[in-house]
Amino acid sequence: MKGIILKNERLNDKYRLMEIESPEFAQTAKPGQFVMVKTGLQDYLADPLLRRPFGVVDVRGNTFRLLYMLVGKGTRLMTESPAGSVIEFSSSLGNGFKSVKNQNIALAAGGVGIAPLLWIAKLLKDDGCRVTLYFGGRNQEDIILADEFRPHIDKLIITTDDGSIGEKALVTAPFEKDAAGFDRVYACGPKRMLQAVSEICVKGGVPVDVSLDERMACGMGACLGCIIYVREGEETVQKRCCVEGPVFDGSKVVWESVCR
Amino acid sequence: MKGIILKNERLNDKYRLMEIESPEFAQTAKPGQFVMVKTGLQDYLADPLLRRPFGVVDVRGNTFRLLYMLVGKGTRLMTESPAGSVIEFSSSLGNGFKSVKNQNIALAAGGVGIAPLLWIAKLLKDDGCRVTLYFGGRNQEDIILADEFRPHIDKLIITTDDGSIGEKALVTAPFEKDAAGFDRVYACGPKRMLQAVSEICVKGGVPVDVSLDERMACGMGACLGCIIYVREGEETVQKRCCVEGPVFDGSKVVWESVCR
Amino acid sequence: MSVLKVNICGVEFKNPVITASGTFGYGLEYARFIDISKLGGISVKGISYNEVRGNPMPRIMETTSGMLNAIGLQNVGVHKFLKEKLPLLRKYDTRVIVNFWGKTIEEYVQVAEILDNADIDMLEMNISCPNVKEGGIAFGSDPSMTAKVVSECRKAIRNKPLLVKLSPNVTDIKPFAKACEDSGADGISAINTLLGMAVNIHTRKPYISNVTGGLSGPAIKPVAVRMVHEVSKVVKIPIVGMGGIIRWEDAAEFFLVGASAVQVGTANFVDPELTLKIVDGLEKYAKSQGLSNISELTGKVDLSK
Amino acid sequence: MSVLKVNICGVEFKNPVITASGTFGYGLEYARFIDISKLGGISVKGISYNEVRGNPMPRIMETTSGMLNAIGLQNVGVHKFLKEKLPLLRKYDTRVIVNFWGKTIEEYVQVAEILDNADIDMLEMNISCPNVKEGGIAFGSDPSMTAKVVSECRKAIRNKPLLVKLSPNVTDIKPFAKACEDSGADGISAINTLLGMAVNIHTRKPYISNVTGGLSGPAIKPVAVRMVHEVSKVVKIPIVGMGGIIRWEDAAEFFLVGASAVQVGTANFVDPELTLKIVDGLEKYAKSQGLSNISELTGKVDLSK
């Protein structure tokens, strides 16, 4: 698919927010899904080669947004795509978050893991849920989009490693205190954080959905490059993060094989 | 070196003219020299990999110009460099044309071979030469910059393969008729044209300087990828097009080895 | 489209563009995204007798204009493939090539026998996976071993044409190609991936858990073209060429050096529509070159000075 | 800069960044463009006994993130090199490594003997040029031949350390490295270019007159890293790693898999300043990793699971 970049906004040195117009994409995407983005503007060049996966932040009318962190050449190249230029990407991929109604929900985000949580927050709130967002980062720079969340959440708890904003703690610390009170938890962030959140939830008997990321070549289930190990009864089964995920039941993930 | 693109003008579907600001380059370049241009805007990408050679059209104050024909990915990428962006290139390279005074001069250009002839035309004219330009192309599209030449030449003879402008002939046809009357000839264009021009000059006893092109990796004399065979007395010697050229004595070039 | 119709080892393909094994799953994965009936054929992920879970993660990493993979031949096993995947794939109008392998000659033969009686169009024997110690590479690094495994499988396969897929990680690919031909292979496919490695300089760990992986993509195309050319000089059986094809121009290059059809691998990850663009591009090119059939291009590289 | 000072086979280099043979001429070509005294060393274009004119044109072509070359070892011959080039090069404060080759063992020995008494720092024996039939590749494709030519040269070389440069176009590079070590080589350099080919689909001619050429540049880095890693597992002598290095991060990767110094080739064409940037980058990296010397990085790839 193709779309037009409407905005490619620098949030700070580390993050950018891109808004893309594409009715086709906007009509089909669901919360928690992701998209494989061709980061180069030229289709006649082969470096970078593969598309890059990004969570869908939200859809508004005919547009959708991506939040991206500067990591390597693909994301760096994205910063150079000016508003008005055409960008190519896959259709919306993956299973996404299952929404629920009238429950007490926690969202737990670590850094750029905030990306896929905004849209589900909106839906949950609209559907009568009480929503608390636990949002952790290294420092102030990581605490992005918080203002956009405010209308859609009831409570915001921020932590940073250096205390530059919010509580000086890992996000799991405040979360752990409250965890048992939630009906369901949605989490996205570094794998070790997701493991910790999942273990807390399992202990408290709270269902937890985690959005995982693995390097992806195809994003479509073909390359088998993105395997996640999940327990099904007695067995450990292999799931493709791109197709059967990226959202998994955190209580089932075999964390030893995922956190390497 | 680095410079700022001031203009990147589309002349037609096939040609572009780029003006680059770089005092350092402008101060050192000489007519007939060329420059190796990094065609990509990002130095963290490796496709395209090598720099591309282009003749220096002219220098005006702190700027210089390149005329480029759309060939492959490098030149295509150059079309996408907007005015205001930074472009990287080598210092000015090669031997260039040797200027003369108060002589009757012919310039012979084939297609994009026109590029390095404008500057030398200016110099020759300023130095009291009578200058005739023979300019051949496939069709009208190839006859570019002619207006810029007019103030610096005494006579302009245009030929095209299809007769869409000028005489319907190869540029060597009108040139051959007049050749014996010139004191010296400067030529740039397809190799077979340069061969024909050189043979005509040799027959007429007219000195001829041809600007040759070969694929180049380094442009600096190191890779030995750009060899031109030249006769020196009894011997055939190897010259590097980038360092000992691109301008060679057309009567000495071993054309069988150059026109492949 | 008849300009693109090709006959490879007795099987007619509507066009010579086949998706390469391991890059197109069991074909079905892509059916949502492109019209896979427009493909000449699909070579499915390498199948073994038993289900195989493959290597630990991480298994892939991008490199400059290429990628490393060490999937480790994860697959559902031949029985599950035939029962659950093949019937669905057969609903599409495209040729099905089954890439297969074994840990031993016996296992190769076992799988080959089963596939020989299945509703598939062709077999592609993989003796070249660099990512599994017992994934056939032993058979692909010694011509006498190649001869052995190919001739044993040949005896077991009575109904289907047999391609053998060669490894590029050899000093000279020609004796391998010759061994295949002499042992009864109907065609050669080449190349599999080049063995490579990449290290994260911050963690100091290899990007691939298996340490090394197979390098594919545009980066390797010159090596692949050279090897297909070498193979074409020593065998008469058809060659299915691959390695780094992402555009029709790349595909045409493989034809010129001797391929009768091509496979497209990594490009499916870059953009699933590239294969279809290659089909269109080849058709236009063949016509512009005045060919009545693309096969007239095979081996037509001009080596005159 | 002492963090970058390395000792390779008894020779001290101010830094471990050396320009690769064939990509830096006789060193002098680049002196106009960069301060070559900032380089750790320069490996000059492969020298033979007599002057050699090399292959017909065209000799080079860009490929995706790489290039093919078939220069054919054009060089001025050892006598002219020593008389006309070396004295000028010696004016710069950098190590001079002389890459050399012969058509026969006798010629290898002949050149080696002359160089052994010349004012140079190190010899690098090229048994891996893929572009000349008699350019040593025969010695680089069979470990017993490697052993022979290396031990003969070793006898002739008394004063200078000897590197042997290996070909990547082999099934297994390890026996070659071992043969070098066992035959008295002081170090290994690896890798030379991968054999490749590219065809112009419009003219149908190979882009390189020699038909095939050597593939270099970022495209081949994963293969080079893998091979240096393999070599490091079987020899104790130092390894000079190369293949596709264009950034300091690439160089660091080679150190981690076992290199004690690196050579930079194609990058010199991409931008002559890249080598100097690599020197700077490596220094910052070494310091940021808390190393007192870059050599502490050699072989420190972490293979634990």
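The letters A, B, C and D name the chains in turn, as written, and every chain counts its residues from 1.
Following the convention adopted for this analysis, contacts are C-beta pairs under 8 Å (C-beta built on N, C-alpha and C of every residue); 3 or more make two chains touch, one makes a residue touch a chain.
Chains and their UniProt names: A, B = Dihydroorotate dehydrogenase electron transfer subunit; C, D = Dihydroorotate dehydrogenase.
All of these numbers come straight from a predicted model, not from anything done at the bench.
**Student:** Which neighbours do chain B and chain C have in common?
**Tutor:** Output, common partners of chain B and chain C: A, D.
**Student:** Provide the labels of all chains in contact with chain C and in contact with chain D.
**Tutor:** Neighbours common to chain C and chain D are A, B.
**Student:** Considering A-D alongside B-D, which chain pair is linked by more C-beta pairs in contact?
**Tutor:** Ranking B-D and A-D by C-beta contacts puts B-D first.
**Student:** In whole angstrom, what separates the CA-based centres of chain A and chain C?
**Tutor:** For chain A versus chain C, the centre distance works out to 35 Å.
**Student:** Take the average of all CA coordinates in chain A, do the same for chain B, and state the distance between these two points in whole angstrom.
**Tutor:** Each chain reduced to its C-alpha mean, chain A and chain B end up 54 Å apart.
**Student:** Averaging over Cα atoms per chain, report the distance between chain A and chain D in Å.
**Tutor:** 46
**Student:** Touching two or more other chains, which residues of chain A qualify?
**Tutor:** Within chain A, the residues that touch at least two other chains are 46-48.
**Student:** Hey, what residues on chain D touch two or more of the other chains?
**Tutor:** Residues 56, 64-66, 209, 218-219.
**Student:** For chain C, which residues count as touching chain A in their complex?
**Tutor:** 22-25, 29-30, 32-33, 45, 53-54, 56-62, 64-67, 69, 71, 74, 209, 217-219, 246, 266, 268-272
**Student:** In the complex, go through chain D and note every residue touching chain A.
**Tutor:** Residue positions touching the partner: 64-65, 218.
**Student:** Sort out for me which residues of chain B touch chain D in the complex.
**Tutor:** Going through chain B, the ones touching chain D are 38, 43, 46-51, 88, 90-91, 214-218, 220-227, 238, 243, 257-258, 260.
**Student:** Please output the residues of chain C touching chain D within their complex, sorted ascending.
**Tutor:** Checking each residue of chain C against chain D gives 56, 63-66, 68, 141, 169-172, 194-199, 201, 203-206, 209, 211-213, 215, 218-223, 225-226, 229, 244, 249, 252-253, 256-257, 285, 300-303, 305.
**Student:** Show which residues of chain B lie in contact with chain C when the two form their complex.
**Tutor:** Chain B reaches chain C through residues 46-47.
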